[in-house]
Each structure stands twice: as structure tokens, then as C-alpha cells.
Amino acid sequence: MDSTAQSMTGDRIACRATGVRANAAGACIALLRRDFVLAWRRRGELFLPLLYAVIVTALFPFALGPDPELLARIAGGVLLVIVVLAMLPALESMFRADLDDGTLEQWLLAPQPLALLALTRVIAHWLTTVLPLIIVMPLLGALMNLPVKVLPVLIVTLLLATPLLVLLGAVLSALAAGARRSGILLALMLLPLAVPVVIFAAGAIAGAQSGMPYIAPLTWLAAALVMAIVLAPLACAAALRIAVES
Amino acid sequence: MAHWLAMGGYAIYVWPAYAVFLAVLAWDWFAPALRRRRITRELRGRLARERTRNARTERAEAST
Amino acid sequence: MSRSYLPHWMHWLGSPPNFYRFAGTLRPWLMALALASAAIGLYGGLVLAPPDYQQGDAYRIIFIHVPSAWMSLFIYATMAVAGLIALVWRVKLAEVIAMECAPTGAAFTFITLATGSLWGKPMWGTWWTWDARLTSELVLLFLYLGVIGLCNAFEDRRRGARAASLLALVGIVNLPIVHYSVQWWNTLHQGTTVDFLDPARSSIAAPMLWPLLVMALATHLYFFASILGRARTGLLSLESGKQWVRTLVDGQPAPTMEAPT
Amino acid sequence: MTTPPAPAAPLLSAHRLAFSRNDEPVFGPLDFSLGSGETVLVEGDNGSGKTTLLRVLAGMLPPGTGEIHFHGEPASRDSRNGRVLWLGHRAGMNEALSARENLGFLAGLYGARGGMTAATAMERVGIAAWIDEPVRTLSAGQKKRAGLARLLLLQGDIWLLDEPYANLDRRGIGLVNALIAEHCASGGGALVTSHGAVRFADPRARHIRLDA
């Protein structure tokens, strides 16, 4: 860390003399690195969503009976819903700590656009809390007897759908950060926004499962993701400004 | 009249629908009135307390 | 803030005491008109209009169901516009109106769902179906509840109003997407779709159409009367420290000065 | 540090600046400017709007009426960000990370000053030994000092310091005054709030008095 600061200092002297501001890429990398260090320090917490997903997945066969065909038929949708539910608790605390300790005030005055920092935070959040869920998908798929040919489609779907959900969740999390309590409120706010995502994701998975074309819903998801990458950070930044105002 | 009330056999669907409509809108209409009454009552209490407080300090000032 | 380029009357009306008085005068008239037109509309719909040749008398739910559905969307749009004004210009009145729209909008959305369910049971044989329109309406109800919940979760009501306004704006981008996606989803799972007798079909006969339109007028008038009353109450609680509220509440001039310390 | 030649616009200036919360005036209208090398002390009792004034200047609250200029440009994200450093009641540091990690991150956002590292900044504020401890374990005074280290490390010529003396012992207060003096000597400026209990070192500092 010290050496980074040292090496940064080198460029900054030049920056200062010419009046050039700290660059955006460097800021994003610094934020990513910080969030990774923080996640690593709390790595125990990162396992909780995984554990949750495994437990819930394991409950389904008990509740529905071990009929492999039944499980195979519902596996895709069930796993999708489990991933969405497992993502929820972490979404709530996306900005809360930073608001409470004053870090957001520092974000607000940083030379970089607030939306860029918010987008970087979304990326860090997705990589640390959601990616592990996607990585264990083959295991969960096996528990649910998911047909092997569906697994790649499921994973691609999740790779498109979960960033979208995290982007939407970031806006809501920023909105709720200034509030007294959130918890169930975040789920209530997320539901309407998540409906289209879940519909298209489930459509792609169902298509793959029944041998029908699944490219169209994936394309819609991808288009929505591109749109959200542009718009959601802006909304998130506006929400963070409201949260910091007091 | 009874024929009309029967709604061609659909009375158990039609009239509850109208009842829901009226009940929900009645709630919507009267809820703010109740809230308003609570607000004015609280405010009146606050103003009364303020007045007694001011009267007391004025008396205290007069006596010193 | 720079509100000076707004028309003069808007500026005047934006002042809470002015709005309070103006709304107080207008409200009874609007409500009287709403009740009168509702009486005409209901008489036309429940008495004059003939039974439907397919649905018998069950279709008479249309006279409240469809106006409520229209209102649920109209109020959402109103809320979003007021929310936008609240966010951009920070007009207090716009914040109040945006937030007071939400309960009434939720009420109409709930009515739409409940009456739709009561209509659906005899027509489709089921209380609920995941039809595109019903599902969108349900999502709309959740949007309203989210706005109400977010607004109330804030200690500072004005900040809560602005946060909830932003949520309302996000929701208005979301609504068409929801509607489209639900339609797509519904055609995908064709088995669950029930033959929906389109209630707003344009081929509706004139004796049925005019009561429907009069009822739509009545609900709009009701909404305007209701939002004026709600906004009055909202302003009263938000401005409770102000002189005009104090004079209004107890008729006597309030103490001009805090107790000297 | 490079300062523009003499007739340059002040670092920060406010013209008829006023703020109302819920239509109750909080402060103002105020006219003041903060030139290069100057310190402005904002005094007033609790509730007189000192913190609010600083938050308005920092863009965390919308200005009610009036104008704010940074380096002669009307206040906006572009004219403000990267020039202003903010020290508020909260440290602006994550409790689970060490001061070194926090400072490293913020240096990534703001850029670090020439010749300054997290270590040298922490050394200067006298808590070098705690640089690798989680911020959670620092005392309130040490957190404040860590916040001062942030001011030293990061680029930005306008310091907005909200109650920098709070939680500090006598030596800490001396340190704050010394840091402000150094910052001003190198061409920066500082706007400092204080509820008046602390004697401000620089006799040339200008004062703004806010009354409740």
C-alpha cells in the first residue's frame, strides 16, 4: 500500500504543476482495491449467501420429493429465484457503512464523477458477493438435477441478469441509505424493478430447458444491462446526494 | 327493485365490488381529515404550553 | 432557488398559505361535482344500461373497475411529474403533492385489483390470473407501496419526499418495461392465459359507454378534491412551526418571541 | 505549490449567500472571500449554522440564495471538486480498514501531494505507530488526527474544516494551527468553524460571526 502511495505521488507532482486532476481510471482501481481488501477482511460474511443458497437448494428436494424429473423441470427457475434471494441481504449494506463513517462525503468532493464511483462500487459488489454464487452453480445444479445442457445457458443468463439486479439494487440501496430502517423495504422496492429481469432470465432458462430458442430473451437482458450501466449509476449518484444531505 | 338488486344472479360479485370501491375511497377521504385533526390538536397543545412558559418567564422577570 | 422564471400565478400558488386557502375553497366544489357526476354515472351504469349479452349483469363492475385502473396510472403520472418538479426545483408544494398522491394512487390500484378479481371469478372462474394487465397492476401497487414506505422511512420528511420522488421516477421508466415483459412472458406460457374479455374494447355500446366516461370524470374530480385535501394536511404538518399555521390553528396571534434565556 | 500571479480570483468567494431550512433562515446573507494564503474563522454558538455553511460551500447542501465562486468560476461540480478538502465530524475512514489503506484509497481519488505519503502524513500528525491498525481501534482524538493526515496527503487548496479542534488535546490544537499555517503559507486557504472555545493561533485570520 505504501509503495502505491509512493508511486502515485510521482505522477501527482506533475499533475499538480499542470493542474491536471487525479485520473478516473486510477480512482476506480483504488476503489476496487479498497473494496476487495474490505471484502477479504470480512471473508466470513461472503460465505453466508453461498451457504444460504446451498441450504435452500437442498430443501427443495425434501419439500417436493426426490423425483429427478420433477426437480429437473423446475431446477432452472428455482435456482434463479434462489440467487435473487441470496443477493438481497448484501444489497442493503452497499452504501450504508460509507454513509455512516463519512466516506461518502469524500466521494462527493472527489474529482471523479460520483456516478463513476457508484458504478465501480457496483462492479466490486458484484465480483465479491454475486460471482461466488454463480461459480457454485454447477454444484447447486447437480443438487437439483439440472440437465447438463441447460447449465451453460443458466450461467450466461445469471452473468447478464445479476449485474442488472445489482445495478438496480444499488439505486435502491442508495435511496434507502439515508433512511432509518430498510430491510424489507428494499425487497419491496426491488420487486417491481426485478420483475422484467426475472421474466427474461426465466424465459431464457425455460427456453433452453424445453429446447426452444433462448437467444431472444438473452438479447433483451443484454440490452437492458447496457441501458442500466448507463442510467443506473446516474440515478444512484442522485440518490447518494440525497443521502448525504442532512 | 329486488330484481335489480339480484343483478341477474351476479349480486355477490357486483355489490362487493362497489362496496370495496366505496369503502376504500371513504378511507382515502377521511384518513387525512383524522390526521389533520391530530396535527391541529398537537399544535394547539404546543402553543398553549409555549404561552404558559412565556407568561411564567414574564412574571419571573417582573419580580426581579 | 431560482424559481423566478415560473409564471406568476404558479409562484403565488406555490406559497403554502396561499395554496392552503385556495385548495380549501376549491375542494368542496370539486367534491360536489365528483359526487354529482358519480350519481349520474352510477345511475346510468347500474340502472339504465342494459345487461351485456355475454356477461349478463356482471359486467357492471366495469363502471368502477376501468375508471380506477385509469386513475391508478393517471395518479402515478401525476406523482412522477410532481416528483420531478420536487427534485429539480425543490418546491415544497411539489414534494407534498408527490407524496400525498401515493396513498390515493395505491387506493385506486387496490380497487382495480379487488374489483378485477370480483369480476374475474364469475367470468373466468378464477379470482386471479397472471394476465399481463393484472400483473402490471400488481407491480404498480408494489411501486406505490415502495414509494410510501421509502418516504416514511426517513426522519426528515422533505428528504424522504425527494428520495421517494426519485423512486417514483425510476418506476415510471420501469412501468412500460414491466408491461412489455409481462406480455412477452404471457404469450410464452400460453396455457395459463384465460380468454380475456377486453373491458376497454372500443366496440362497447353507447348506453354502456357514456356511464363509463362519466364515472371516469367522477374519479378524476374525486382525485383532485382528495389530493387538495391531502396536500392541505401535508402542508399543515410540514409547516407546523410557521406563523400562518399558528394563527390558523388557534385564531390568536402566536407569541412572537421565544422565552428569553 | 504553484500559485497564480497576484490578481488571481480568490480561492473561494461567496456573494449574498444565504440558506434557509424549511423557510427558517439558517444563516446569511453573507459576503466573504477566501484568498490564497488566508484563513477565515467561522464562529458562532451551537445551532448558528456553521456546519450548514460549510456543507453548502462543499456542495452537500444546495445554496438557498446567493452565489459561490471557486477560483472565480461559479460553483459547480467541475469548479469545486478536486479543489476542496473536507474534514467533518466523521473521519471519512472505514473502521475496518487501517489508516494506511484508507489514505491510500483517498489518495487514489484525489491524488496525493508532492513528497507526501500516507506514512509521512501520519508521522506528521503524530500517530505513525497506528498506521496499520484498524481505524476502529483508534481513539476519537486519534481519528481526528488521521483526518488531519488526510488533509496533508490529498491535493486540494481549499480546506473546509468543521470543528477541527473537537476531541483534540492541547498539542493537537497546536498541530491543527500549525497545519493550517503551513497550508496557507504554501498558497492554500482554510475555512474553519469553531464554537469559540479555542483560541485561534493566526492573528491575521478573518472572522465570520454567525448568530443563532
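All chains are identified by letter, namely A, B, C and D, in their written order; residue positions are counted from 1 within each chain.
Here is the rule we use: a residue touches a chain if its C-beta (ideal position, glycine included) is under 8 Å from a C-beta of that chain, and two chains touch if they have at least 3 such contacts.
Remember, predicted model here, so these are calculated numbers, not experimental data.
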Subunit C and subunit A - chains in contact with each: D
Pair with more cross-chain C-beta pairs in contact, given B-C and A-D: A-D
Geometric centre distance via CA averages, subunit C-subunit B, whole Å: 19
Centre-to-centre distance between subunit B and subunit A (centres being mean Cα positions), rounded to whole Å: 44
Where subunit A and subunit D are represented by their mean Cα positions, the distance between them in whole Å: 35
Separation of mean Cα positions, subunit D and subunit B [Å, integer]: 49
Residue numbers of subunit C (touch at least two other chains): none
Residue numbers of subunit A (touch at least two other chains): 245
Overall pattern in which the protein chains touch one another (line/ring/star/complete/other): other
Pairwise chain contacts, counting only pairs that touch as defined: A-C, A-D, B-C, C-D
Touching residues (chain side subunit C, partner subunit D) in the complex: 1, 90, 92, 158, 238-239, 241-242
Residue ranges of subunit D touching subunit C (in the complex, touch as defined): 22-24, 62, 64-65
Residues of subunit A that touch subunit C when the two form their complex: 171-172, 175-176, 178-182, 185, 188-189, 191-193, 195-196, 199-200, 202-203, 206, 220, 224, 231, 235, 238-239, 242-243, 245-246
In the complex with subunit A, residue positions of subunit D that touch it: 1-2, 58-61, 77, 80-82, 84-86, 88-97, 100-119, 153, 155
Residue ranges of subunit C in contact with subunit B within the complex: 46-47, 51, 56-58, 60-61, 64-65, 68, 100, 103-104, 107, 110-111, 114-115, 118-119, 121-122, 222, 226, 229-230, 232-233, 236-237, 240, 245-246, 249-250, 254-255, 257, 259-260
